[in-house]
Amino acid sequence: MDKPVMRVEELERFLQDEFPQINADGQAFTIDSIEPGRAVMRLNPNQRHLRPGGTVSGPTLFTLADLAAYVVILGHIGPVALAVTTNLSINFLRKPADGQPLFGTGRLLKLGRRLAVVDVAITDESGMLVAQASATYSIPPDRVAVVK
Amino acid sequence: MDKPVMRVEELERFLQDEFPQINADGQAFTIDSIEPGRAVMRLNPNQRHLRPGGTVSGPTLFTLADLAAYVVILGHIGPVALAVTTNLSINFLRKPADGQPLFGTGRLLKLGRRLAVVDVAITDESGMLVAQASATYSIPPDRVAVVK
Amino acid sequence: MDKPVMRVEELERFLQDEFPQINADGQAFTIDSIEPGRAVMRLNPNQRHLRPGGTVSGPTLFTLADLAAYVVILGHIGPVALAVTTNLSINFLRKPADGQPLFGTGRLLKLGRRLAVVDVAITDESGMLVAQASATYSIPPDRVAVVK
Amino acid sequence: MDKPVMRVEELERFLQDEFPQINADGQAFTIDSIEPGRAVMRLNPNQRHLRPGGTVSGPTLFTLADLAAYVVILGHIGPVALAVTTNLSINFLRKPADGQPLFGTGRLLKLGRRLAVVDVAITDESGMLVAQASATYSIPPDRVAVVK
């Protein structure tokens, strides 16, 4: 697997520009690491991400999986704003403990010219598997880098 | 397919209690109808649901699909708070037009004692298909009705 | 939705050339119809498609779903041998009755330049839903028609 | 993860009784190993599993994934004939080389009382990833062991 072409700071800046709403209520979603074929997103949940009782909501887990997939692809092809999710399938496995950080580890299964497929494991701090997802992204024909 | 056992008003009250965060910023998600084997959720998107440029975000489409599935199941088995999504697979098909209402039509494919499977079509006002999802819900062994 | 560009006989001949093994033991898989946005495959199961007890096996239902998706795409874009399945997700809903014909109805949800998404409903003769699938196909950049 | 309760020989005998058709044309599908949380199936493809040109067909890859999931579950809960696939989602990533053995590694993501979720990686002898699948199995309420 080739080396990433973007660093964590560049990826976070790009995310912030493209998806400002994800961190509208504070820096809940951050990037922990990017390395060949793999990236780790972290979620520090706030009230907005929780259901009554304290567990993290399904849409929040979906968001974490989708972002982890996006970041690992972006980190390997460069800042291509138009890469879009075409399918995401998520299995909800165990209820996460109340309010604790969660980690989404995106692993590139395929990075083709037209499609990328990513496996995402969502775990808590103890390593317990909370959810597993597969995402397919369509990659635009002309990878015009977005320069800002 | 059997007749629903809950009316729209009962379902909306139940949703509001179980998922208060979905309408935290105003009544974005409402229930249009419930009938045998089918329910329609409506989303009137606000700023929180949009990406820069104005299109509805992936997590918002996921939420609409998940709610439509939850509502059609709940409407047929009664207020069982513990029905939980075990899998949701969503295909993103076309970009919705900026800021317009979207509709999630949940259709019961199977309502067993332990599992329910729902197909969800997300369309805009013109009927254009924006996304399609399949959701599997696990139904608790004892369907203890939640009385409040 | 545009009109199909291939007729049933052309599609069956193409399938026979591309997938001779599906009918190696007799004409189990045939095409019932093709119309705008939709195609129906029929399976007349033989011993090879059954599990002990007589129910149709999972791989056979997968094959029926995949063929229905392939046929409805092919019927609308013409004989492009290289259209390939990139993802297929199938929900097994009810056990089909022993040895009876099954029908796979493929419905085009999207037919883009690069990707096609198809919903497939598998039913028996009474219309009972046996399985439901979503398939994504990648369409080759140059749709070079295969002439034989 | 708990230790398996069945050995490779027991699993192969059980498979042979339940799914005799998979090896109708010779011992194509065999079990390589079972260990805590994991099982490996092997496919030695014969003519029946190949498409014209020599690549392994989609239904054959589906079968390998489904069997790997079944075997890892069975190996941990004992010979429960009625565990049934409720959903299988498969991503086809790369074309396998002609006629070579393939391996399906099933990994238990969750083994609950009612549902089991398994991730399956299909690789060739060089370790190249050919396909990835997630399967959900429904586990019967009474795990009556099948004694023959």
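Assorted remarks:
For clarity, chains are labelled A, B, C and D in written order, and residue numbers in each chain start from 1.
In the analysis below, contacts are C-beta pairs under 8 Å (C-beta built on N, C-alpha and C of every residue); 3 or more make two chains touch, one makes a residue touch a chain.
As the structure is a computational prediction, the values presented were derived from the model and not from experiment.
Homomeric contact chain A/chain C is classed as same-residue, with over half of its interface positions used by both copies. The interface holding more C-beta pairs in contact, when C-D is weighed against B-C, is C-D.
Placing every chain at the mean of its C-alpha atoms, the farthest one from chain D is found to be B. Computed from the mean C-alpha positions, the centre of chain B lies at a distance of 29 Å from the centre of chain C. For the pair chain A and chain C, the distance between C-alpha centroids works out to 34 Å. If you average the CA atoms of chain C and of chain D, the two centres end up 24 Å from each other.
Annotation for chain B: residues touching 2 or more other chains are 86-87, 89, 91, 117, 136. Within the complex formed with chain D, the residues of chain C that make contact are 17-21, 24, 47-48, 50-52, 57-60, 62-63, 66, 84-92. By the touch criterion given at the top, residues 86-87, 89, 114-115, 117, 136, 138 of chain B touch chain D in their complex.
Only residues 89, 91, 93-94, 109-110, 117, 119, 129, 132, 134, 136 of chain B touch chain C when the two sit together in their complex.
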